[in-house]
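For reference, the structures are reproduced in the following blocks.
The same subunit A turns up in both complexes below, where it pairs with subunit B and then with subunit C.
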Partner chain A sequence: MAVLTAPHPKPPVPTPSRGGRARSPRRTPPLVLAFVLIPLLAESVWVFWPALQGFYLALTKWDGVSAPQFIGLDNFREMAHDDVFRSAAVHTVLWLVLFGGLSALLGLAAALLLQQERRGVGFYRAALFLPVVFSLVATALVWQAIYQPDGVLDQLLASVGLDSLRHAWLADQDTALYAVIVPALWRQIGYVMVLYLAGLKGIDPALYEAAKVDGAGAWQRFRHVTLPQLRSVNAVVLSVIVIDSLRSFDVVWSLTRGGPYHSSELLSTYMYSTAFQSLRLGYGSALAVVIFVLAFGVIASYLVRAFREAD
Partner chain B sequence: MSANSTAVRRKRAATAGFHLGAGALAVLWLLPIALVVVTSLRSFDDIAAHGLGSWPHSFTLGNFRQAWVDGGQQRALINSLLVTVPCVLVTLALAAMAAFSLSRYELPFRRALLLLMLGGNLLPPQILLIPVSKLSEMMGVYDTLPALIGVQIGFGVGFYVFVLHGFMRGIPAEIQQAAVVDGAGPWQIFWRIILPLTRPALAALSALSFTWIFNDLLWAITVLRSDTKMPITAALIGLQGQYVSMWNVIAAGSVIAAAPTVAVFLRFQRHFVAGLNLGAVK
Partner chain C sequence: MANLQPSRRRLLAGLGAAGTAALLSGCVTSTSSGKSSSKGDVTLQSNLSAPQAKTAMEDIVAAYGKKGSRHASLNTVAAETFRTQLPTYLTSANPPDVYTWYPGSVANAYARKNLLLDLDEVWNSSPDLKRYSKAQNRLCTSSAGKKVFVPATYYWWGMFYRKSHFAKWGVRELPKSWDDFLDLCDKLKSKGVAPIGLGAGGNTPWVASAWFDYLDIRINGAQYHRELLAGKHRFDDPEVRKVFDRWQEVLPYFDPNGVAIPFQDATTALLNGHTGMMLIGTFFADAAPKSALDDIDFFRFPIVDSKVPLAEEAPVDGYFASARTGRREQVLDLMSYLATAEAQETYIKGSSGTVLPCNPDAKDAGTALVKKGRAHVDSAAEITQFFNRDSSDALQPTADTALTKFLAKPKSIGSILTDWQRDAEKIWNA
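What follows is the complex of A and B.
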């Protein structure tokens, strides 16, 4: 029998290989090994191996039919002169700041509003959370109906006498990106709210009592008790938001496909259309590498956090 | 009059204010959903005559029939379920196995393995799209549902291993030791002891992964090409092209596409929220 690891007290050696804690006289049971190796194999086939190939393909020119042709860093040099790439990168940053920032702020605000257990609060929470389970495609279609020329939004504006504001929200280069962010927010805020609700629930009420006794007002209690206590949730929300922002694809693809004239193009949609519609697979892979590099910092810090928690 | 009654009045006002604010927020959030449900029940002529935002003047279930039969949503929904259900089951089974081994046995490099698997899930999928589509071609499964199932399992498993590992780690070692003394092997410990104790986490993760896999668009359009094999998300985009500006049919299609996940959410709301927190806040 293998030695059982006690979950708590922590083993002193990070990677117990030899001579750490008491080693079992016999080797790890084959079944236990297989239990790890089979899932690892599945992930290797569909994730690790393709990822390595992706990095290699970024250094090639490839139409998907003939053999990929190695061209070194030419794809990345081309990006420097690619206006669409530049605007897609700017939009991605804008998306990160607006979509990410607003969903964090509004999610926290919603959590603060709905944190207290009282009558009816479950309904309000569920209402805010319901869009999270919608597919982004269905979400996008709902909002397309709202944004239509002569759609619900225009009719609403007309009915309150703001006719001058009416226009084709998604077909206008100046508004397309912002019009796409709104449904993405509508869907994300409930998710962030749930994370913050759990965080708020974890705060010791005694801290608030103490602050109150010391004469702290509502704002001071929020500033000096709530916010510091939410630090670990903030880190999670931040990573979720950055990773989600860089992955954002469905909502843009189904609303505008990055158009009109690339005005709502994100790196993810540009990568997809370059690879699968223009069939420039090498350049598409290079764009994917850029997305990876942008995400890498977050992934790395997430893993460092996870590393600390894992044992 | 007295300070007491002022306090009561103030509290009542605060409660009313809360319900007013939260209620307005809830209405704002539910309005788009109500709009699509109402639109799906109106006739085309009604919408053409009065506009999308008007009060409904008609009631019909024909849109659903049109989306379901002519729009191919029936087949798309079946495809989605054919992908989602095996994916959820297999991913969770594999993840539970790996999490069991990594959390209950002193395997060499177990922490590195755990983080490697989590890292794979955190990769932006964009870097995998082209190689995965080529790989599925090479393996002869391109444009088949098994390819989609394979990639969903491979891409998802790391995250679930991480979450389940965190959960299983908290199970006291004594329970397992007692079983070892009784002569139980790893399989019996896994199947009879650890897995039953992990049920809350498994329930939470299955609710969550059901919606994630069901709602996916990117992997589906990466490894599938034929319309007849597309899941409901891709079919919905197709429907939009097929019934341009026939909002009644498109809305009906959206309702059909959203119904399964909404049903899962309403039925397993508690697990669902627990799942999100399990993954993130520990």
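What follows is the complex of A and C.
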């Protein structure tokens, strides 16, 4: 409990800097240290240690009951020949591109549309943000009712004379994946919109005025002022999207459980069903490691690039 | 601000101490002797979370408490959570004592890992259990010859229909053979009804396994079926292929929405007359309106090969206990109570009443449907449980994938069976 030693009797009053660099404090106050160390301790017990154990479990064969049996890299070798893993990986990439790409694009579009303070704009913002508030499982139940045979969507299609398009949307391997992306998107757009709205608010209006004076049109202002100014928000949005894509689980699990016959399987649902349904916890952990490496790889490489550009 | 510091410090000190205590207690638990405390009530972990079933379990526990000096405490957990957590419960250092679960191969898998309490003493001393049938005895015995399970209730699967609808469609005779069954399907189809409802969509793809189970026990027999699920035969064997050849004959009569809706919706379609009949267990009646219950009837899954001994699916539910319990005496006492006619009648009264008691002296709900169900099971030469109970929960997803794929693409049955065998091997070798 070194962090709890008595603090300095009189904390030094930082002298205001006069144009030069601010003087760094002589030593970190114990209270600050405590605020860092205690959460770190909690985090290492409840997050880091289990995560490390997950890495170890990826190298074992384990049914959750007997002791794990060390098998080296066999799980990863099996993955190389596993068709379901391959299709789950392809679906995850597809999900990342469609769900991630569309939610970023549509979120940005919504933010641009709703950034100006007009009468009633608050209502539209709230309406778009509302799905974020609902639990994803509840969202999935609502969408299940929409998609089911003779559900809302099919009735809508029939009422406009598109009977031929009526479909068991979630039970057909050709449409299941796309059908589950829609509710996920419906929820994500509001969230991304809020991030971009915050970014847009931070842009100095003088830049737009200057651009206008220079004769820039609306598109040019967007292309040369808005987009570059949003760079820092983009990094946040990308991180959020990549993480949300790779952990997208609840909506898929509630709607299709990765089926029919793995056609909407993502790496996350495959990991869950392998670990907790088929009770192959070693292989499930290996899948979790792959997901971690993917998420970490994508985000780290983007952030490194973004920071390099910023320098 | 300065005078707030001491209290803030105290708060931090408190937090630190609490964290340390939590850590230490964690260490102690993980290195403890693996025995739960021998004091306090015996804990009964139940997966029966449906409102009626939950109340019925509470009634049993209350009645047990009134009976003597010993008490039990009930802990109801959502079924899916219970299933995924069960291995963790059983291997934990301080496990719950008694669990609701399944006998047969499911219990045996845990018994082989020495996780289940030996219940020989209860079976030898309880006057109730001594009267249980031979089949029940066999089902509750592990491969090492120990009793590990106390059965409580069972239910049956059959082709369910509404009497009034069949009368309206002019169905006078119920089918016995496969050919009769195909004729009935033709007749229902001519009336504009989807003859066979399924309900393998949504979160209940496992319902399709009932068709696989029944066709296999009708064509290859119960013995072969159990061996197949235990990995002693291959899913791409010609015997299994025969099952799907027959299934293909009735596929055109299946409700096209069968793989798109869960069984609860399929049940509604059956009750509303959109589908004619459905292969399902009596549990579906839990959600049926009371007014429809008297109109529900069933017939035996048709005989395909008369030379094959008659088998029926009649899954048994009951209890097993953790080998690591520290309250062995209390557990054995509770187990012998759970085997009594009184406990099982309490359960049947409190729940929807469509299950049958395992105790031969216990009264069932007494309805015509239940009486017919009892005779239906009693007349079978062999009893099977269900796909996941005769194999394992781990094998069920392989069947779900294979069977829903077959329903959508019956022509690719060759590759479906090859894939099924490959997936099943991964589970058997795990």
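In this section, the second predicted complex is superposed on the first by the 259 of 311 C-alpha atoms of A that agree within 3 Å, B and C clash if a C-alpha of one lies under 4 Å from a C-alpha of the other, contacts with A are read in each partner's own complex, and residues count from 1 in each chain.
The definition used in the following text is that a residue touches a chain if its C-beta (ideal position, glycine included) is under 8 Å from a C-beta of that chain, and two chains touch if they have at least 3 such contacts.
As the structure is a prediction and not an experimental result, all values here were calculated from the model.
Participant: Would you sort A:L31 into first (subunit B), second (subunit C), both or neither based on which partner it touches?
Facilitator: A:L31 sits against subunit B and subunit C alike.
Participant: Of the partners subunit B and subunit C, which touch A:V93 in the superposed model: first, second, both, neither?
Facilitator: Neither subunit B nor subunit C is touched by A:V93.
Participant: Touch test for A:I203: subunit B only (first), subunit C only (second), both, or neither?
Facilitator: neither
Participant: Give one of first, second, both or neither to describe whether A:V182 is in contact with subunit B, with subunit C, with both, or with none.
Facilitator: Neither partner.
Participant: Contact-wise, after the overlay, does A:A145 reach subunit B, subunit C, both or neither (first, second, both, neither)?
Facilitator: Only subunit B is touched by A:A145; subunit C is not.
Participant: Between subunit B (first) and subunit C (second), which, if any, makes contact with A:A42: first, second, both or neither?
Facilitator: Both subunit B and subunit C are touched by A:A42.
Participant: In the superposed model, which partner reaches more residues of subunit A, subunit B or subunit C?
Facilitator: B
Participant: Where on subunit A do the contacts with subunit B and the contacts with subunit C coincide?
Facilitator: 1, 3-4, 7, 31, 38, 42, 45, 64, 144, 148, 150, 276
Participant: If you look only at subunit B, which of its residues touch subunit A in the complex?
Facilitator: Those in contact with subunit A are residues 15, 18-19, 21-23, 25-26, 29-30, 32-33, 35-36, 39, 51-54, 94-95, 97-98, 100-135, 150-151, 153-155, 157-158, 161-162, 165-166, 169-173, 176-177, 180, 185-187, 190, 211, 214-215, 217-218, 221-222, 232-234, 236-237, 240, 245, 247, 250-251, 253-254, 257-258, 261-262, 264-265, 269, 272-273, 276-277, 280-282.
Participant: Note which residues of subunit C are touching subunit A in the complex, please.
Facilitator: Result: residues 5, 8-9, 12-13, 15-16, 19, 23, 26, 84, 87-88, 90-91, 110, 113, 115, 201-203, 205, 256-257, 259-261, 265, 392-394, 396-398, 400-401, 404-405, 408, 426-427, 430 of subunit C touch subunit A.
Participant: For subunit A, which residues are in contact with subunit B within the complex?
Facilitator: Interface residues on the subunit A side: 1-7, 11, 14-17, 20-21, 23-24, 28-29, 31-33, 35-36, 38-40, 42-51, 53-55, 57, 64, 110, 113-114, 118, 120-121, 123-124, 126-138, 141-146, 148, 150-152, 155-156, 186, 190-191, 194-195, 198-199, 202, 232-233, 236, 240, 243, 246-247, 249-250, 253-254, 267-268, 271-272, 275-276, 281, 284-285, 287-289, 291-292, 295, 299, 302-303, 306-307, 309-311.
Participant: Which positions of subunit A touch subunit C when the two form their complex?
Facilitator: The contact residues of subunit A facing subunit C are 1, 3-4, 7, 31, 34, 38, 41-42, 45, 61, 63-66, 144, 148-150, 168, 170-173, 257, 259-262, 273, 276-280.
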